[in-house]
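Across the two complexes that follow, chain A remains constant while its partner is chain B and subsequently chain C.
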Partner chain A sequence: MLAAGLVLVLALAAGQGQEQGAVRGVLREELLLQPLPVGDVAAVFQFRTRWDADLQRGAVSHYRLFPKALGQLVAAHGVRELHLALTQGFWRTQSWGQPPLGAPAGAELWAWFQDSVPDVDKAWKEVSNILSGIFCASLNFIDSTNTVIPTASFKPLGTTNGTDHRLLRYAVLPREVVCTENLTPWKKLLPCGSKAGLAVLLKAERLFHSSYHSQAVHIRPICRDASCLTVSWELRQTLTVVFDSFTSIQGKKDWSLFKMFSRTLTDACPLASESKVYVDISPKNKEKELLEVTPTPTSVHEAIVQGDKRTYAVYDLLSPLLFNASRSLNVQLKWKRPQDSSELSTPVLHAQRYVSGYGLQTGEISTLIHNTHPYRAFPVLLLETVPWYLRLYVHTLTIITKGKENKPSYIHYEPAQDRQRPHLLEMLIQLPANSATKISIQFERALLKWTEYPPDPNHGFYVSSSVLSALVPSVIAMKDVDVEESPLFASLFPSSDGSSYFVRLYTEPLLVNLPTPDFSMPYNVICLTCTVVAVCYGSFYNLLTRTFHVEEPGRGGLAKRLANVIRRIRGVPPL
Partner chain B sequence: AARAEVTARWEMLYRGTTAREEAALGAATAREADAALHALQDSSPGSLTVYVVPEGSALLPQGTDVYVGKHRSALVRARQGLATLHARLQQLTQVMSFSASSVAAALSDRVPNSQLGPDTRRHLKSSLGYEITFSLLNPDPKSHDVDWDIEGAVNHYVQPILDKLSLVANFSVDSQILYYAVLGVTPRFDKESSSFILSAHSLPHVINPVEARLGSSAASLYPVLNFLLYVPERSHSPLYIQDKDGAPVATNAFHSPRWGGIMIYNVEAPASPQASLPLHVDVDMVRVMEVFLAQLRLLFGLSREELPPEFLVESPGNEGLADWELDCLLWAHTMENIATVSTTLTSLAQLLDQISNIVIKDDVASEVYRAVAAVQDAMAELAEGRLRSAFLASKEAVTSSERAFFDPSLLHLLYFPDDQKFAIYIPLFLPMAVPIFLSLAKMIREARQSKKEPTKMD
Partner chain C sequence: MAAPLVLVVLVAVTVRAALYRSSLAAFISERVEVASPLNAWKRVVEGLALLDLGISPYSGAIFHETPLIIYLFHFLIEYAEMVFMITDILTAVALYLAIQDYNKVVFKKQKLLIELDKYAPDVAELIRTPMEMHYIPLKVALFYLLNPYTVMSCVAKSTCAINNTIIAFFILATIRGSAFLSAVFLALATYQSLYPITLFAPALLYLLQRQFIPIKPKSKSFWLYTVQYVALYLCSLVVIICLSFFLLNSWDFIPSVYGFILSVPDLTPNIGLFWYFFAEMFEHFSLFFVCVFQINVFFYTIPLAIKLKEHPVFFMFVQLAIISIFKSYPTVGDVALYMAFFPVWNHLYRFLRNIFILSCLLIICSLLFPVLWHLWIYAGSANSNFYYAITLTFNIGQILLVSDYFYAFLRREYYLTHGLHLTRQDGTEAMLVLK
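And then the complex of A and B:
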C-alpha cells in the first residue's frame, strides 16, 4: 500500500517536472469596490496564490510564487489550514450589510492541524509565535487562557477527510491594535510586493485613514482538479478597507480610485494570470441608470452574492484595450442625482451585544440576534468565548424569542479554569422568521492577583466578539459555481446548496471593568511609614547628639520679668 | 580570562609497504594509485597515511614532490635525507589536518583583532546545523521571465557535498524566487564596454536592501547561508563586477564572509529588438553552481590557495570535498566547540557571581555537569587522536551548555536588582540623612571656629 503510494507520488513528481507552469503556481489578483448603503465605499483586495505541490510531504523546499516563510511554517508544524485576520475597527452590519469577509476587532487566528501532529498544543504555540514574528503582531500572547477548541462553529474551508475538532485551535486577541507595521510584512508576502499590480494602491497612510481596516491570510488545501485526487495549496491574502466618503469628500457620494487611495492603477502584476477590478453597480430600488462609472468597463459580470443579485462592472487589467486610451486607470463613480439614503435594506441576519449591570461585582452579557427574513426560519450557531475572570453563572442563561423561551437544539459548554482556560459556550439556536432573539447570561467579576493587571487596568478588560455562523436562506436560487472561474470574492466559503448561503458574523467586542486596586497604595504606605520613622529617628538623634548648656542664672525670675514689662509700658527704665 | 593553549602532537609510525600496497603503487599515475590505495587503508577520521616513494619514481609528475589524494593518503617523493623528509612530512600533516593558523582562525572570535588577518574571519562559526537558501532575484519580471531548475541542481551538485558534511552538521536546503528585489547600489555606466559596472568598494552596500526581502527561516534557529543569483534589470544589463584594480571579475560573483554569496547572471539581449517581452530565460545551472560551490567551500574555510607550489592536490571530484578536508573541518570545529563551551560556562558563572540569589534548578545543574563531562571527554579523545568521537563529544557539550545557558529560569530580569531596592528605601534614607548631614555641617563649622579663635587671641 505504502509502496504504491510512493510510486504514485514519484509519477506525479515526474509529471510536474515536464509541466513547468503547473509547479510555479498561479497568481490571481482582484479588487472589489462596493458602494455601501450609507454612502461609504468598501474596497476588498484579494490576492490568491495557488500552488500545485503538496507542502505536507516535507520534500518541497523550492518556492516560487508561494512565500517561503509561510510555506515552511505549514510544512514544519503540520498545519492543515490557517486563517489569520488583523482588524482595526468594527464592521457595522446593520448599516453596511453583510461583510464580504468577516473578522472580529483585533487579531483572530484559527488553525487546523494534521492528525499526524503529536502535540497540537505545542504546535499551536509555535505557530502563533512564528506568525507573531512574521506579522509583527502580538500573537505571542495567545496561550491557554484565550485559546478554545470550538466543536461546531469553525469547519475546515479546504479539502478535508475528517473534522475531528481536537485538531482545531481558535483564539482572538481583541486588544490588538493593527497598524503599518502589520501591513508591511503582509505586503512583502505578495509576489509583486507593492511595486506592481493592484497592490500599488495599498498606501498605508490612506488605508489607516479609514473607518475599517482588516487584513487576512488564509492558507488551505484545495482540490487540484475536478476529480480531487491530489491537493493544491492556496494562499489567499485579503484586505478590506472602508472609506468614509461623507467626511473625506465633502458630503458627496462620488468617488474615484485616486480620491480614495491617492494613486491610480498603471499595470497588472506581470506574474498574475488574472488581474481584475470589480465595481458593484447593482441597481438599487429598481431604479436603473442611477450611477455612472468611468471609464467604460471591459465587461459586465452578473452574480448572485449573499442571496442578492448583483451586477459588477469589470476592468481586466491584462486586457490590452484598457491602457490604450490612457496610461493609468482611475475608476470613477458618479451618482446622477442625489440619492436618498433613508431606505436602508437591513441584512437578513445581524446582531448586537452589550454588557449591563452596575457595580463591580456582577453583570450581564446580552446578545440580540435579528432574523429579518419575512417568512423563513433558520438556525444559527453562536460561539461565545469569555475570559476566566468573568465567572459565568450558567443557570442564568436565558434565550428569549418573541417573549417565549427558545430552547437551543445543541449546547456545548466548557467551564473556565482560573488562569488556565476561558469559558466556551456554543449553541445552535433556531431563529423564527422576522424575530429578535435575546440571549443573556450573568457573570461575576473575579479579583485578579496584582501582577495580573495590565499596565492600564482602569481602561477595562476586553471580551472578544462572539461568532455567529449560519446558513442564511437565499431569496434567489443560486447556481453552483466553479471556484477557478468565479471571482475571488465569491469563493472563500463553499456554498452548500443552491437555496442558502453561508454567513459568519462577529459582534462587538465588550469592555468590562474589573475591581481594580489602588496600585500606588504600597508606595504611599512606604512613604508614610518611612517619614514617620525618619521623624522619630531625627528627634532621637538630636536628643543623643545635642549638647545642652545650662542657662545663666541672674536674669531674674518670672516676677522680675513681669515687672520689667510693666515698667517698659510705663516708660520707666527697667530694673 | 583564562589563557587558552593548544598543543599539537603528531604520532608518526613508519612501516614498510605491504605487498598489495606495493602493487597499488605500481599504477601508472598518481590518481590511479590513490584510488587503489583507498581500498587498503584504515579510513578513520583524523588518521593519515603517507607513502614515501623513491626519488626517481615516475608516479609523481615532474616538479611536484607531494601528491595529496582524494582520501586520507598522500604520496611524498623522498629527497635529500631523512631530515628534509621529516620537515616535508610535518608540512604535509599541517596542510591535511590543522596548523597554528587554522586553529587561530577557528578561535578567531576569542583572539584579539590585531593578531589576525582579515581572511581568517570569513569562516562560518561552528554550529549544529546550517540552512542553505538559494534565492533567485528577478527585479524586472516585466522583461525577464527567469526560470531555474534548482531542484535538479541541488540534487546533482549540492547534495553530494552535504552528504559528506553530514557528520559535521545538519543541513537543510531550500530556494525561493524574489521579484522586484533590487540591489542597494545603482551601477555606473561604462561607455567603452557599453555595460554597467559595480565597483568593489560599493559591494558592501549591495546586500542590505536585499536582505530585508530574504526573510528569516521560520522552521529553525540555525545560521543561514544565502546564495543569491541576481538577474539585472533590462535597463541595467549587462552588469559586471569590477575588482579593486578596475578589472572585471571573471566569475561575476562575490561572497560576504559568514553570510553567503551573490552572483550576477546577465541575460543576453535578444537578437531582434522587437522580441516580445517578457523574455524567457532558463538559467544555466552548471555555471551558477560552480560559483556557489566554490563560495560554499570558502565559507567553510576550505581554500586551497596557500599551498606551496610543489604540492599537487587531487580535485575532490563530484563529492566536492576530499576526506582529508573533512578532517580539517572536524579538527577546527572540535576546537571551536570546546572553546565555545568554555566561554558559555564562564559567562554563566559570571552571571551567578553578579546575581547571588539566582536559583539554579536541578536540570540546569545537570546540563552543566553533562557539558563539563562531555568537554573533558572531548579533550581526552582529542589527545588520543580519535577525531570522530572527540567531535561528537564536543557537539554534545555545546548542546548541553547552550541549553543550560538559555534556560528560561536564568533570565536575569526575573531577579530584582539591588540598586532598585535601594531606590525604594529612598523615602526612609533621605529624611534620616538630613540630621546626620546637619550635625556634620555643624561640627565642621565648630572645628573652623575653634581654629580661628586662637589666631584672634594672638
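And then the complex of A and C:
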C-alpha cells in the first residue's frame, strides 16, 4: 500500500517534471556593439525569454524564467502586447544612422488589448499604474490627457487575428527622467539578475554617463511553430546605450568593454540557452579593413540588417574555447586607420522637428523629413500627439516638398478636448526621392489655471516626439528571418517582404513656454475682481432702491450738537 | 436725412476697406481685445476646415460658433470682408431707423405728459424739442460706424458684428411695435450668444406700453399679451435650435456653444473680469464662482424692470451695457454697441457727474491694452498682473459710466416732476441727495 502510494507520488513528480520542462522557457541573451560613424559606440543588450505557455487561458501558477510580475499583469488585464520604453537622451539619426530599436525621449507605453476586455480604458489605467509600481517610474501620470488611439502607426508586432485599433492605447510622458531607480527593477526582472551573464556589465554609474540610454520591455505573443496553431509568449528586455567617445573613453577612439562598462564578462548566464556578443566590423570601404578586434572571435556572422550587408564578429560565451586563455572576456577594438568623413553615410530616412515663432501667444511646429534615397520614393506615416493646451489650427497645416504642396493621401485628425484628450494628427505622406519635406502647423498657447502648471512653470511644457513609421526600400534584397535562428537584433520587427525594412523613427521632443499667471496672487485677484463687481452692485443698488429727496436741515449729528454746546459756552452763535 | 447717412456709410466703408488692405489687418485680427474664443475669425475658418476633413467642428475645443454661422459662411467664405462691412452698415441703418422712431415716441409722450400737467412749471429748459432731436439718429449711426472699436471689430472679422446686427434689428422691430419680428430677432440673438435673453423684459415692457396695456399683475390683457410674446419667443427659439440640429445631425453644438459660454473653460485673456479670476481660483470654489458670475449678469433685470418700467428703452440700454461688461468673453465689439446709444441721452449731459474723468479713463485704458499685452507676451518684461490691472480699470470705467448715466437719467426725471429750482422749506436753495 505504502509502496504503491510512493510509486504514484514518484510517477506524478516525474510527470510534472516533464511538464515543467516543456513550459520552462528559453532564455537568449545578446550584446551588440556597434561603432557609430562619428566615433561613438552603441551597445544594445537584448534578453529574450520565450515561454511556451498560454498566459491568457491557463491559470499559470509556476513561473520560472518569465517574471511573475509581468506574467500576472498580462494574464489579469487581457494584454495582447505591451511595449514600454524609458529613454534618456535623443538618438541622432543623422549622425548615428538608423537606431536599432528606436524610442522617444521620456517614457513611452503602448499596448494592444484582447478583444475580450470589456473596458479598455480602465484596463489601460490599471496596466499603467501597475507598471509604474514595477519600474518605479511615474507612469501613473498617464491618463486621458496624454493617451491617444493611433489608427495606423502602430500595428501589432506579435501574432494576432484582427487589428481593431480601438484596442490600442499609446501614451508618452516626455518629461520623465530615467535613472538608477528605474534600472534596478528592470535588472531584477532578468532571470540571472545582474549576477551572471551579460547583465554584469550593467552598472548604473557607467550607463548613465552616456549620450543616450534607453531601456525597454516588449511582451508579445509569437507563433510556437511554423503552423502557428498555438502561441508562446516572448519577453524582450532591451537596453541601448551610446557612449560618447570623448567623455567616456577619454578622447581616444579605441575602446574596450572595460573602458565602457568598467567590467568584463566572466561567464554566461547559466539559465541561458544562448549567450553571444556581436561586434559590428563591417568594412565601410570594400578594400581596406577598418577595425581590428581582440581577442579573436569564435565565429564571424554575416547578415543584412536595415538594408545593409553587415559583418559581425561573434563571441559565444557558452563555447568552452572562449574562456580558455583568460578568465574574463574584454573585447577590444582598435581603429586601423582614421575614419574618412566621406564614408559617413546618411541614413535613408531622417527627420527633425522644431518650434518656431516668438512671444507667448502663437507658434508653429515644423517637421522636416528627409528622404536621401537617390531614386526610390516611399510613403511615411507621421503621428503627432500635441497636448491640448497648444491649440492646433489644422487649416494652417502645410506640407511642402521641393517647393510644391504635397497633399497627404491619408489624414486622420482628432482635435483636442480641453483637459480631456490631446490632439492626434496622423498623416501618410509620400516622400519623393532625394527630397526634404516640411510639414508645419500653427498653434495658439492657452493660459492654464494656476494649479495646472508643473513645478518650475517657466521651464516650459514638453511636447512628445512625433513618430515616423515607414517601410524603407533597401538596396539589397533581404530574406525572411527565422526568429529562432537569427540574432535578436534582426528579429524584432517582422518584415513582410525582402525589398524593404521597417523603420520607426522618433523626432525631438519640443519644449514650449506658456504664458503664466502670477502664482502669488490668488487671494489678491479674488478680492480685486469681487471689488469691481461689488462697485457695480453697490452703484446699481443705490440707484435702484433709493430715491431723490430734498435735503432737510437735520438736527445734526452728535458731533454737531457737541460743537453747539461748546459754542454756547464760548458765547459764539451756534452752527 | 438720407444723404448724410449715406455719406457716413461711405466714409465708414472707405475706412474699413483701407484697413483691410493694409498690414494692420493681420495685427488687429490677433488682438485678444477684439477676437475672443467665441467670435474669432480664425476659429470660424478652422471649424469650416474641420468640416471639410469630415470631422464635426464641435468635436474639438476650438469652434464655439452656432451652426447658423457654419451655414452662413459655408457659402460666403470668399466674400467675408464684404459680409462684415454689410453687417456693420445694416446695424447702423437699423439703429438709425430705430432711433428715428423712438424720437417720435419720446416727443409724443412728452407732449402727452405736458398736457396732463405732469411736469413742474419751471422745467422749460429740460423739455426736448424736435429741433435738437433731429440729428440724433445720424449721430447714433456715426457713433456706431466710426467708433474705433467697431472698425477694429470689423477689420478683425469678429462675428460679434453679426450678433450686434441681430440685436440692432431686434431693437428696430421692438421700437416699431412688431411683436412677432421682435420675438424672432430676440430668439436669434439669444441663440447666438445666450445673454440677450435679458433683453426680453425691456422689449416686453416697451411693447405693452405701445399697446397702451397697463402693467398691472391683475390686468387680463397684460397676461394675454405677455403670454403671446413669450410663446412667440419660445417657438422661434425652438424652431431655430431644431434647424441647427438638422444641419449637422447632432446636439453637439449645445455643450460646445452654450456650455462653453456658461462654464468658461477657456481662460484666454480678454477685456473682461472672468479670465484671471478663474485662472487664479482655488479648484474647490470654481463651480461656485462660475455660478455667481453668471447670475450676476442676469439678476439686474428684475430690479431694473421695476425701477425703469416707464422707460423701457433706457432699460434696454442699461441691460446691454451690463451684458457687455459682465459676459463671459467680452470684446470691444460688444462695448461699441451700447456706446452707440450715447447720443440718444445727449440731454442728460448736464447731469453727468464724472464724464470727463471716465472718458479719459476709457481712452487711456484702450491705449494701454495693446502696450501691456506686448510687454507681457512678447517682451517678457511685464507679467499678467499688468494686463489684469488695465482690465480692472477699464471695467470700473465702464461700470461708473453706465451708473453715471443712470443717475443722470433719474435725476432729470425728478427735476421734471418736481421742478428745476428746488427750495427748502425755509426758502434757501436745496441740495438733492439719494436716500
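By definition in this document, the second predicted complex is superposed on the first by the 493 of 575 C-alpha atoms of A that agree within 3 Å, B and C clash if a C-alpha of one lies under 4 Å from a C-alpha of the other, contacts with A are read in each partner's own complex, and residues count from 1 in each chain.
Methods note: a contact is a pair of C-beta atoms (placed from the backbone, for glycine too) under 8 Å apart; a residue touches a chain by one contact, two chains touch by 3 or more.
None of these values were measured; they are calculated from a predicted model.
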For A:Gly162 in the superposed arrangement: first (chain B), second (chain C), both or neither? neither
Applying the document's definition of touch, where does A:Val533 land relative to chain B and chain C: first, second, both, or neither? both
In the superposed arrangement, which partner chain does A:Pro283 touch: chain B (first), chain C (second), both, or neither? neither
In the overlay, answer first, second, both or neither for which of chain B and chain C A:Cys192 touches. first
Name the chain, either chain B or chain C, that contacts more residues of chain A. C
Touching A:Pro574 in the superposition: chain B (first), chain C (second), both, neither? neither
Looking at A:Pro454 after the superposition, I want to know if it touches chain B, chain C, both of them or none. Which is it: first, second, both, neither? neither
Classify the contacts of A:Asn542 with the two partner chains as first (chain B alone), second (chain C alone), both, or neither. both
Report, in rising order, the residues of chain A that make contact with chain B in one complex and with chain C in the other. 526, 533, 535, 537, 542, 545
Would you pull the chain C residues touching chain A in the complex into a rising list? 30, 42, 45-46, 48-50, 53, 55, 59-62, 265-269, 273, 275-283, 293, 296, 300, 303-304, 306-307, 322, 325-326, 376-378, 380, 383-385, 388, 392, 395-396, 399-400, 403, 406-407, 410-411, 414, 422, 424-426, 430-435
Chain A residues touching chain B in their complex are 20, 24, 61-65, 67-70, 72-73, 75-76, 130, 133-134, 188, 191-193, 195-196, 267, 270-271, 526-527, 530-531, 533-535, 537-538, 541-542, 545
Of chain B, residues touching chain A in the complex: 133, 141-142, 147, 150-151, 154, 172-177, 179-180, 213, 215-219, 278, 424-425, 427-428, 430-432, 434-436, 439
If you look only at chain A, which of its residues touch chain C in the complex? 358-362, 388, 391, 393-395, 411, 413-419, 446-451, 515-518, 521-522, 525-526, 528-529, 532-533, 535-537, 539-540, 542-553
